[in-house]
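Pasting the structures in now, so scroll down.
Below are two complexes that have chain A in common, paired first with chain B and then with chain C.
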Partner chain A sequence: MHHQIDSLAYSNKLRSLPPEHKLGFALLLFILGYISSCYIQILISVWLIIWIIVYAGIPFVFYCQLLAIPFGFWLMSLPPLLIGIGAFSSINNFQQDVIFGFPLGNFFLYLSKQGIAQSGIIFTRSWCLTSCMYFILLTVPFGEIITVLQKYKCPTLLTDLLLLMYRFIFILTTTASELITAQKARFGYLNWRRGIYSLSLAIAQLLTKSLENYRQISLGLTSRGFQGELRVWHSRRYYTNWRYINEAIAGYSCLLVVVLAQNY
Partner chain B sequence: MNTRLKNRICLGLMASFSCLIIISSPNPAYAMHIAEGFLPMSWAVFWWLLTIPFLVFGFKSLSHVTQKNPELKLLLALSGAFGFVLSALKIPSVTGSCSHPTGTGLGAILFGPSVMSVLGSLVLLFQAVLLAHGGLTTLGANIFSMAIVGPWVAFVIYSIMVSCGKQKLGIFFGATLGNLATYVVTSIQLAIVFPAVEGGVMASFIKFGGIFAITQIPLAISEGFLTVLVWNWLQSYAINELQTLKLLKIQEG
Partner chain C sequence: MIIEFEKIFYTYACSQKPTIENLSLQLHGGKRYGLIGNNGSGKTTFLRLANGLYRPHHGLIRISGKPLNYDRQSLKEWYQQVGLVFQDPEQQLVATTVEEDLSYGLCNLGIPNIEIEQRVAITLKDFNLTELAHFPVNYLSLGQKKRLAIADVMILKPKILLLDEPTAYLDPKQRKELIKQLEQIFKEGTTILLATHDLDFIYRWADWIFVMDRGKIALEGTPKQVFEQKILLEQLDLDIPLELKLRTSIIDN
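After this line comes the complex of A and B, so read on.
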């Protein structure tokens, strides 16, 4: 799946906008969404759907699949949030919280009022913040994020490690999927025992292959006079689009006014 | 009345289990990543503050290492990428479903826990950026459970068992308990934020822990076996490679 996010980040319709604008827009929305009430959060999420699907041209189905990840986690945590258990003898302590319940031996199992309120808050907050994050992921390629980080004086070790890791991840993913295809063609992963054994072989091979890769790359870099700094040429061809800037600023100021009016 | 009650309970259990199975089977869960937006701001900031000292310390020691020996930057990045790919592989779990290993046990034993905490946080960042698992506000909490607690627990258990002369058992328990520690810490993190009305944080912890236990305990045991098998293979066929990795540990000390 991650190849798809990455390739969409490079091929979406907002690619030509300067990454600083997109990052700034998403981060400001992120902060606003984090501190505001649930109605504003829903508004932000819907507005971002328009940005992502219509303006950036991300396939709707794919975006829904991505949104299913936080919703899946939310559904996983619903049972512990909604279901309350208390001792039957101390039922007076939590009578207020019970919507519907029945006794179970010495305990009392019930649907919690507080749980419903909490899960509602989490749902909108998680939807809103995830949309802001997805806007960054789907419209700004990772390489450009690193360039922005470099521009704002992030430690070089961090940016170098991120840059190198990003490149190696794709090499190693290809290697791993080739290994696993070869194993499957030879009856690997037939049952659980075989599966664990095959996977252990794949991981060990992957480690030796990555170290082999390290040796080759470090030889290559040494022969080219590597001093600990990697410089990558970066062509800048961004175009400011006033139509988008106007919509972003107008929409954001409307939201900001509503939030301020609600709070003061 | 009694049979009605039983029927109701059975129905409820069936519904909740089938719900869980549906959620967790098609898209093997990275169950231990708290999703974006789950933590309120105060707790997100708290977990960030708790993890930053570890990260700063790790980065300081690593930048010392890489200044002396710039090539090790490549080795570090490759190890990080290895950790990422490892965590994206599907591990066949005991119950028949599929899930992802955390890789913290193997990483802690191969690279040492303090290097692993930096690499682990980079891996988590990439999982958030490339796979959309986890998030920015919850990254602090996730780093704490998965890149700090997990590797340290795995490493401490491994070292104790090795000093007793039982290396294989040490690797098994290191990887298994490292994974379990991650899961326990995540449940605690969620329980503190959402305490139950009756019984408070403790009751909530039991509820969250119980839900995650369905997927995590079999997964932890599988990961333990897997790590032992990987280690056996590396010991018999890849001594040279293990020597290369020792570079990171020695330089750090």
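After this line comes the complex of A and C, so read on.
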């Protein structure tokens, strides 16, 4: 999935737009989504679906798969949010919060009104904020994010680390997939027990290989004259598209007005 | 003479025995050198010593008569003059796109952007990478990655190009393209030293061959001279090229 996100970031229809514009837009929406109500968060999420699916041309099914990740986490957090538990003797204290419940020994297990409201807030917020993040990941290649960070004086150490980690992820995932394929070819995952054992071996091997890779990449950097900073040059030309700029400004202004109207 | 190694010794920290032992050799300009030997004979270590990545524990390395001092400035110049292409290109590619990766070495040398732009454009054209200029490095094929790794070094205009098993893992088509590229580099005046296990290729390609065994130069000479030493090569567990085998067999029959 990581490779596909990266590949789409290089091939999406918004690629030619300046990365600063896309990053700025997503960041402003992120802030607005963070401080606003559920309705605004839903509006932002839906608006971003249009940007991601229609304008950037990201496959709908793939975007749904991506959204399934935060929704999966949200689903996992639902039971403790929705189900309330209290002492049966003090049921009067939380009677108003109960939608449906039953006694269990000295306790009372119930479906909480507050829990439902809270899970709704978490759902819309996570949907909105991850949509902003996905917009960046799917429309701006990682290298360009780093270039923007460098342009706005982000510490070199951080940008260099990010770049190396990015390169490392690809090497690591390839190594991991090769290791697991080799284990599968020798019946390493025939049953649960062997599978867990094989996985532990693969993880240990991956660690050793990562350290070796790190050593070799350090030598590779040195042999190319590394001077303590990963500096590169590029000839990319970006094109400002006023249609998108106008829509972004108009849409954002509308959302901002609604947020302000709601609060004051 | 371009580069000279004088009684070089090198031992890895984790090893008791020297990997390179009393190695002396000279490389002259305008030649294609081959370096052969079994695994563990010290080929990669020798190339890394030649590139200045490792510092010999004893001995001296000179380029155009000037000894390598291993200070920051000397090493910077050394890396530019003696370029090394690793066996695994993944270890040398650092940037996200082909064009950015090509510019990396030039940026390290502090070359102005206008010149970087020109040199990148020329190198992209020379190495047939123009169409891939904005392509992400992570999605290149192994052959393309190897080509880019060589281009990364050649853009710095080195006097000598060192290659560690460049034909390893390549399919016949990619191998053919790579050999063609090396031939072009050589014609443009760069001395090449290539470590390989591909005896058929080195027999036809090299002007001079070094045979390494246990950290020493066991044999050197023209391909004809080297592969005539059948008994010595047998002792070193090395084969002779197929072409020679066939010729000998035809003559014998």
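Operating definition for what follows: the second predicted complex is superposed on the first by the 251 of 264 C-alpha atoms of A that agree within 3 Å, B and C clash if a C-alpha of one lies under 4 Å from a C-alpha of the other, contacts with A are read in each partner's own complex, and residues count from 1 in each chain.
In the analysis below, contacts are C-beta pairs under 8 Å (C-beta built on N, C-alpha and C of every residue); 3 or more make two chains touch, one makes a residue touch a chain.
Computed from a prediction, not measured in an experiment: that's the story for all the values here.
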Could you look at A:114 and tell me whether it touches chain B, chain C, both or neither (first, second, both, neither)? first
Next item on the list: Considering only touches as defined above, state whether A:61 meets chain B (first), chain C (second), both or neither.
Entry: neither
Could you tell me if A:261 is touching chain B, chain C, both of them or neither one (first, second, both, neither)? neither
(Q) Quick one: is A:216 in contact with chain B, with chain C, with both, or with neither? Answer first, second, both or neither. (A) second
The answer to whether chain B or chain C touches more of chain A is B
Message = Which partner chains sit in contact with A:176 here, chain B, chain C, both or neither? Use first/second/both/neither.
response = first
Inset, instruction - Scan A:185 for contacts with chain B and chain C and give back first, second, both or neither. - result: neither
| said: For A:208, using the defined touch cut-off, is the partner it touches chain B, chain C, both, or neither? Pick first, second, both or neither. | reply: first
Chain A residues where the chain B and chain C footprints coincide 6, 142, 164, 166, 171, 213, 217, 221-222, 226-227
The residues of chain C that touch chain A in their complex are 48, 51-53, 76, 79-80, 83-84, 86, 88, 90-97, 99-101, 103-109, 113, 116-117, 120, 133-139, 152-153, 156
As the complex stands, chain B meets chain A at residues 5, 8-9, 16, 19-20, 23-24, 27, 29, 31, 33-38, 41, 59, 62-63, 66-67, 70-71, 73-82, 84-86, 88-89, 91-92, 94, 96, 106, 110, 122, 125-126, 128-133, 135-137, 190, 194, 196-199, 203-204, 207-208, 210-212, 222, 225-226, 229-230, 232-234, 237-238, 241, 244-245
Chain A contacts chain B in the complex at 1-2, 5-6, 30, 34-35, 66, 68-70, 72-77, 79-81, 83-87, 90, 93-94, 97, 102, 104, 112, 114, 118, 122, 125-130, 133-134, 137, 142, 145, 155, 157-158, 160-162, 164-166, 168-169, 171-173, 176, 180, 189, 192, 195-197, 199-204, 206-208, 210-211, 213-215, 217-218, 221-222, 226-229
Seen from chain A, its contact residues with chain C in the complex are 3, 6-7, 10, 141-143, 146, 163-164, 166-167, 170-171, 213, 216-217, 219-227, 230-236
